[in-house]
Each structure stands twice: as C-alpha cells, then as structure tokens.
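Chain IDs A, B, C, D, E and F follow the sequence of writing; residue 1 opens each chain.
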Amino acid sequence: MSIELETGLPSVRQIQTLIREEREVELKLITNDLITGKMRWQDQHCICVVDHYDQQTVIWRSAIVYMKPKL
Amino acid sequence: MSIELETGLPSVRQIQTLIREEREVELKLITNDLITGKMRWQDQHCICVVDHYDQQTVIWRSAIVYMKPKL
Amino acid sequence: MSIELETGLPSVRQIQTLIREEREVELKLITNDLITGKMRWQDQHCICVVDHYDQQTVIWRSAIVYMKPKL
Amino acid sequence: MSIELETGLPSVRQIQTLIREEREVELKLITNDLITGKMRWQDQHCICVVDHYDQQTVIWRSAIVYMKPKL
Amino acid sequence: MSIELETGLPSVRQIQTLIREEREVELKLITNDLITGKMRWQDQHCICVVDHYDQQTVIWRSAIVYMKPKL
Amino acid sequence: MSIELETGLPSVRQIQTLIREEREVELKLITNDLITGKMRWQDQHCICVVDHYDQQTVIWRSAIVYMKPKL
C-alpha cells in the first residue's frame, strides 16, 4: 500500500470533504460501538474522530462498518 | 489496489446495474445490521446507500456479508 | 488481484463444477446465517446463490465460513 | 497470490502431512463451530474436510481459528 | 509489506509520539477487551503495550478497533 | 507474501526469542478462547503452541488478538 491516499476515490474524497466542512458523523464499529464526532484526519490505516470534549479516538479502518454524515 | 474498479467482474457489474436502475437492495452487515435503500456509488473500499429519508450510509466492503436485490 | 479467477485452484474448480451441475449447497456465514440454494456465478469478491423462489443473494467471500454440497 | 502453495512453510507442510496420513483433525472456526474429520485437500483459499458420513465441508482459511491434530 | 514502517502516515507518527512521550492509552479490541497502558513499540503486525505491573501485551493490529490517548 | 519471515520485525523477533527460551505464553483469540502453552514454531500464516499434555494447536495469525508472555 502506497503512502499516498487514493484521493480519486469517492469514499476518500467524501471523507476529505466532511473533514474540511467539520460535519458531524456517526461511525458504527464491528464491536457495535457507535462513535460520534468530527473527523480530523484520515490515512490508509485509520480515521481520527474528535468528540465534544476534544477527546480523540483513532479508529482502525478494518473495524469500521459504516459512516453516516449527520443531516 | 488500483484506482480503477474492475468493471469486468460480475459482482462489480451487477452493482453498477443496480445503481443505474435505482433498484432497492438489502445489505446484511457483519454486525447483523440490515441496511435497505438504493445504492448510489461504489468504489474499492465502500458502497454508498441512500434511504427513503435521503440519509446516506457509506458502508465498508469489508463489513458486508451479502446483498439482496429486492424482487 | 487480477481479473481472471485462478481456475487451477481446487476450491475455484469445485465451485465451477457445482455451478455447472446445479447442485444445491449450504453456505455458512460469519453472522451464523445459513444460505441454501444453487450457486450461479463466482468472481474474486463474491459468490451468487439463488434460492427456490429465484431470489438472488450475492455473498461476499470474506464473509463465508464454509460451504457444504448437499448429498 | 500465486497459484502455487508455499510448500516450504511449516503450516502448509504440516497440513500436507496430515492429509497424507489421513489423520483426524479438529478445526475451530470464527463462528465457534468445531469441524472434525480428515482433511482431503488444501489450496490458498480453502481446506476441505470429510467426516465419517463422507460429507465434504470446504472451509475458508479466513474463517479458521485453530487446528488440532487428534492425538 | 516492506519491513520499514510508513513513518509518513499520521497514524504511525501519532503512535510514535505517544510511545516517546510515554502517554497512557486505551486500546479497544474486537473481542471487546479494553487494554490500558503505555505503548512500547509498534511494527507492521503488532503494537506492544505495558501495564502498571510491567506485564507486556503484544496486540495484533488486525484486532484493534480504536485507540484513545488518555487526557 | 514471501516465504521468508521478516525476522527484522520486533514482533517476529520477540516470538522467536520466546520459542527459543521455551517461555509459556497466553494467546487470546477472536473467539475469546485463551490458549496457554509454549510456542514451537511460527510462519507467515500460523503459530504452533504445545500444551502440558503435548497437544499441538496450530493457530491462524488472523485469529490472534494478543499474546502475553507469562511473568
């Protein structure tokens, strides 16, 4: 896997947009945990989410089931 | 993994057809969640499903168990 | 992953034979679901199974635990 | 993944030996199923186990947790 | 996968920083286990965490769901 | 994946050391099974553990959550 994110992919681009717009998202994980917050960065392995108390959670992509942008 | 989807594969083609025909599908996930809606796009990592309330769910392929087109 | 299925592999060949012979199979999935039907096609990502009511289920290979041809 | 099994690996070699010697094994799967029988063949994706009633089970490697040769 | 860690990636760099600063972290695993301690090293396959009793736990990356640095 | 183990990696080296020193380890698996014993060999796919009764368990790496050397 190269060090550059494939920014041409719709899923990568959508996450980049949600980061830039500081949109709140909901991430469902394979343990059934539901993480809510704003995404701060993504790389090939992880996505970082920050909650209202500024607590960072670095989530492994392999553990993500789905992402819902809040309406 | 290249940035181009392997559009020659039956599974990729069938999803493309279902997107174009705006067919409703059911997606079973490894958390046992069942997502129903119309698929809007796919890439190597994810498939995006939109429900009746226009809520987007971006689903990781690694979390999909099966897909059933609604009859 | 190349677009061609590795038809030299025993597992790929056995599935091809079961498709051609329209044998009924049982597929156990990681969610503990049990899918029964005839396989219609396979590619690198998925296997398609059709049941008695002609309902298609496109199953992700990553979600398959085992396959049993019906005796 | 090449079509040839890496027969130099201890795990591949041990399975080959168990197949040749028709030793009974126990396979624990991620669904907690326990499959008992004699292994008949292996390839990169699957291992085939046959039970006392000659029922074949083709098990996906990705679903195997451990294998115990019966003492 | 090359033997060198991709130190340009945000997730790899953040873990390196947390190791250097001896920050306490919480690691949630796919079995729902929660491991708390200081990370000591990382490589492509594993992350090593040491607890208050100096007990090492070598965690497989494939089993990590998320990591939270303690505030 | 090449047939040679990446012996430069800390995780691979630590397992080699534990094998050589015949240290007892605890392996937590994704099914929540806990395997205790001495590791005998490792390769890219599996790690072999032997218990007090000399029963071998060949564990798939993909099913390992963590390893704890006994203190």
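The rule is short, and it goes like this: contacts are C-beta pairs under 8 Å (C-beta built on N, C-alpha and C of every residue); 3 or more make two chains touch, one makes a residue touch a chain.
No experiment lies behind these values; they were computed from the predicted model shown.
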What's the fewest number of moves from chain A to chain D, given that each move must go to a chain touching the current one? 3
Is the contact between chain E and chain F built from the same residue numbers on each copy (over half shared) or from different ones (under half shared)? different
Label of the chain whose CA centroid is most distant from the centroid of chain D: A
Which chain maximises the distance between its CA centroid and that of chain C? E
Taking each chain's centre as its mean C-alpha position, how far apart are chain B and chain F in Å? 38
What whole-number Å value describes the gap between the mean CA coordinates of chain C and chain F? 33
Could you please state the distance in Å, as a whole number, between where the Cα atoms of chain D are centred and where those of chain F are centred? 19
Which chain E residues sit where two or more other chains touch them? 1, 30, 62
Classify the inter-chain contact topology: is it line, ring, star, complete, or other? ring
Order in which chains appear around the ring, chain C first, chain D after it: C, D, F, E, A, B
In their shared complex, at which residues does chain C touch chain D? 1, 6, 8-12, 14, 28, 30, 32, 61-62, 64-69, 71
Quick one: which bits of chain F touch chain D in the complex? Just the residue numbers, please. 1, 3, 29-31, 33, 35, 41, 43-46, 48, 53, 55-60, 62-63
